[in-house]
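Next up: the structures, one after another.
Below, chain A partners chain B and then partners chain C, in two separate complexes.
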Partner chain A sequence: MNRAARYLCGLWLGVIVTLLYLPILSVGLASLANTRYMRFPHRDWSLGAYADALNQHETLVLHLTSLKVALVVSVLSVALATLGAMAFARYDWTGRSLFQKMVVLPIFFPQPVLGLALLLFFTAIGITPSWKTAVFAHMVWVLPIVTLVISIRLFGYDPAQEDAARDLGASRWQVLREVTLPHLSPGLVSGGLFAFLLSWSNLPLSVFTTGADTTLPEWLFSRVATNYAPVVSAIAVIATLASVAAGLVVIAGLRLRRSRRGAGSPV
Partner chain B sequence: MNQQRLGLLFMAPVALFLLVGFVSPIVIVGWYSLMEPRSFELTTVFTLANYRTAFTEGYEAPFFWSLGGAAVTTLTCLLLAWPTARILHALAGRGAAVITALIAAPIFISESVRLFGMSLFLMPGGGILAGTLRTLFDVNIGSVLNTKLGVYLGLVYVHFPFVLFPVLLGVALIPPDRIDAARDLGASRWQVLREIELPLALPGLVIGGLLAFVLCIGANAEAAILGGQTVTVLTRAIEQRFSYAQDWPMGAALTILVIAMTAVFVFPALARLDLNRLIRR
Partner chain C sequence: MTDTAGQAPKPVALSLQGLSRQFGTFKALDSVSLDIEEGEFFTIVGPSGSGKTTLLRILAGLDQPTAGRLLLRGADITKMPPNKRPTAMVFQSLALFDHRSVGENVEFALKMRGRPKAERHARALELLDLVQLGHDYHARPVTQCSGGERQRVALARALASDPEILFFDEPLSALDYRLRKTLEVELRELQRRTGRTFVYITHSLEEAMVMSDRIGIMRDGGLVQIGTPAEIYGRPGDRFVARFMGEVNIFELNKGHLTAFDQNLPAGNRFMTAVINGHMVVRPEMLHPVQPEDGGVQFDVTVTEVFHLGSRVQLHLDSVAGQLVAELPASSPLRAGQTVRFGFDPALAHCVPE
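So, the complex of A and B:
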């Protein structure tokens, strides 16, 4: 590539990334003034909206509801997806290809439609929607994704290692604990992180399936559409930073572990 | 134990969950769609009245809007993702990994936040863009907020990262020597693109395009936040049947039509794709 072409390519990437982050940055900028109407550039820059956000009990309740849902979704999804991934990627069985396609089907499905269908389903079988039904709804969409994430890890796994361990006298439990799980664990951790972040940020499923409970994205959506106030921007920033922090901590943990074990295994 | 039994054993929990959480809601919706209009009970007296209404009483507007919006968005995303993926693939190394991660990260930021940000950015008068331009350059600009164009931009913005990933996987499927060989044999740039690159990267393009298309068919937050009252999208039309109109069977019939429409695109594409090959690498 000559210089001009390189320059153009760099410019293209720069423009794409900038466009992707401008709206997110805008929320941050809007949160830095505490006036009733948004008038940028702000005359008085202030952190007042954050003080208001932190003083509202609702902020805490919203975060706790989202946290509760996201944590339960991650734990249950990783547990189920680990089993599913074995069938997806490891064992060779008749029907595997059908199973693989069935698993990815919910990913290729309009989410609000899934939310509506689930709401009708819960009502029909007499379950009152709450954060627990939202967990169930999120899982229908998240479980297939986590299964894929763990499967990708599993495709790079050589089952002969297990035979070798067994030949050396390891018990079934030891093989699982010392061979299989250590290899799979980066996949389990990234799968868990995916599940957490996707659940934390989900709007279309939550809107229809949380009943009287409200998650953060749902609350933001309702406040954005109707009465805007700077405190909405502040809470949006806090919620986003919380998930960024969760992501960074997990990624750093994975890195640390990999560098400790030596750069032996590719991700 | 043999592989067959292990496979069946391990697939059972996931399959069971999806049977309850994915298949049975669709069955229930299908059942409701065959009930008498405005009834709330599931009985065994079936009628096609709701489907007749769906085709005769002006529901085509939201259907066409959502389908058209999905098609335009998918095409735009693919056109943007192709050069981006090619550049990232050619760049390789650490820089490319960081940029890829930066493009992917918004997937994990809520649509509420991202679309809200977009409306703040595009807002007329005191919005981030308009306000900055006025202060720095003394230019006053209009706004695409509350127009159809605004909704399209929102759809592209939200779905672009979903398309980029599969397209990157697709681009990685192109062996570089194949392009060199074609060039050596005298193929033009356009011929290389049309006869070598696009066909080899097709699985990624299909997955990315399909994902964007399907997600856009149901998308309603974009129209709610950026569109004002200018468009009624499909999901909104259905939701109104369930809530305001209290006509569950009608809402259910429309839902089934959307699902059928989705299936028409998804099944043939999935049937041809080899997931093992694409994921294993």
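So, the complex of A and C:
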């Protein structure tokens, strides 16, 4: 590639990144205002909205509710998706291909309709909606995606490795620990992250199924729609920074683990 | 050891007694019985789908027979799980643990047995020597090894726990010809050196011939013939075995009458009495140009193709009996399109029953 082409590529990349991040940046700018109405540039720059956000007990409650839902959803989805992926990636049984299609079907269902359907269902069987029903609702939608992510990992390796491990003296438990899990772990981590992020940012399902509890996206949506104040933007920025921080912690943890594992053998 | 093979019966390492395996209505293995002797290199040869992999998996304990018993030195191990058996297998795909280093692969069996790290390491280096890999391979990821190197890693890994019997599931089939030939010889030498019992399966009779003490030919889930390489080559039990051994010409024999040529076998031929109805197996090297006074079975052929095989040429011939294959020294002047008189000596041919 010559110099001009490389320059153009760099420019193109810059444009794309700017287009992606400009809207997010504007939320950050909006949070620095002290008026209810958006006007730019601000007459007064202020961190008052952040002070308000941090002083509100509600900020913590919203984050905790969303975090609780997202964590439970990711743990349960990874566990169930692993079993589901095993069922269709590993074993041949009648109805396997039907199962494979049925598993992915909920992704294609419009989420608001799915949310309403679930609410009607919960009411019909006498369950009061709360964050727990939201967990169930999120999983209906998230589980197919996590199952697909994990099954890619399962399809990508030779199950004879497990036979080989058995043959070389490993018990079933040792096979799982020494061969299957190490191989699946990248899939489990990315599946878990997917589940967490999809649940953390989900609005259409939460709106119908959280009952008296409120998740962060629900609160943000309602406040943006009806009663906007810079504190809404401030909380959005806090939530974004919190998820970026969580992501960095996960990545750093994986790095650390890998470097410790690889100590004996150069990668 | 003096060579008394064939006279004094050797102790039996593995005894297969009526092993069957049914998948639904499909009989993958149909009552296979066989005694594999101590320290023997036994090869099971069969086309794909003949049940040889199923059989090997049952021997290794990775699958259970639906009927029959498996005895290891007289002890019933039919129900013993694979991790408890003193056997090890080299898989067709090799099944190396690709997230581990060469050393970790080789040491796996010892790790599962809870051996201390220093002992494992020493044993791994010893095994790398045995399979002719340098000690620097110990730390290398298996994903960075070539086909031949991976082969050696798989072998070292299987040998680590000092198994009494080694099973091989066509491990060489993915390699190129020269490497395969080298490894065949090395495998045979390794077997001699370690004195272990090797059970090998392959679809290549050629491979089996080079390495084996005895060969079992498998078809449709059953063993159709067991013998030394010389016995199998010289006296195939039926048309299937004969065909399996490469290019052969097979002629129908009906009460001493070769139907295809409308010729009777010469009087006094041993097949006149041995087999009444059957097939005559004529190897390509037995067919050659003849003069009328040479006798034997003679017929006119047209040469359709000439293939050079190095020191020999292979000819495809058109005859009243259909397409035939002959092999002649490379000095043969015959060219495609020529019509000549060919023949063979029926006394040298082999007959199989119908």
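Methods note: the second predicted complex is superposed on the first by the 230 of 267 C-alpha atoms of A that agree within 3 Å, B and C clash if a C-alpha of one lies under 4 Å from a C-alpha of the other, contacts with A are read in each partner's own complex, and residues count from 1 in each chain.
Just so we're on the same page, a residue touches a chain if its C-beta (ideal position, glycine included) is under 8 Å from a C-beta of that chain, and two chains touch if they have at least 3 such contacts.
Remember, it's a predicted structure, so these values are computed and weren't measured experimentally.
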| item | value |
| --- | --- |
| Clash or fit, chain B versus chain C on superposed chain A | fit |
| Touching partner for A:A234 - first (chain B), second (chain C), both, neither | neither |
| First, second, both or neither for A:L120, with chain B first and chain C second | first |
| Contacts of A:A164 with chain B and chain C, given as first, second, both or neither | second |
| Chain C, chain A and chain B - angle at the middle CA centre, rounded to the nearest 10 degrees | 90 |
| Partner chain(s) touched by A:H183 [first = chain B, second = chain C, both, neither] | second |
| Contacts of A:Q174 with chain B and chain C, given as first, second, both or neither | second |
| Touched partner set for A:A134, first chain B, second chain C, both or neither | neither |
| Superposed model, chain A: greater residue contact from chain B or chain C | B |
| Partner chain in contact with A:A81 - chain B first, chain C second, else both or neither | first |
| Distance in angstrom between the closest Cα atoms of chain C and chain B, superposition on A | 8 |
| Contact residues of chain A, present in both the chain B and the chain C interface | none |
| Chain B partner contacts - residues on chain A that touch it in the complex | 1, 9, 12-13, 16-17, 19-27, 29-30, 37-41, 80-81, 83-84, 86-89, 91-97, 99-114, 116-121, 124-125, 136-137, 139-140, 143-144, 147-148, 151-152, 155, 197-198, 200-204, 216-218, 220-221, 224-225, 232-233, 236, 239-240, 243, 247 |
| In the complex, chain C residues that touch chain A | 57, 60-62, 81-83, 85, 87-89, 91-93, 95-99, 101, 103-104, 108-109, 112-113, 139-141, 157-158, 160-161 |
| List of chain A residues in touch with chain C within their complex | 157-158, 160-161, 163-171, 174, 178-179, 182-183, 264-267 |
| In the complex with chain A, residue positions of chain B that touch it | 3-4, 6-11, 13-15, 17-18, 21-22, 24-26, 28-29, 32, 42, 80, 83-84, 87-88, 90-91, 99, 102-103, 106, 108-121, 123, 125-128, 130-132, 135, 157, 160-161, 210-211, 214-215, 217-221, 224-225, 235, 238-239, 242, 248, 251-252, 255, 258-259, 262, 266, 270-271, 275-276, 279-280 |
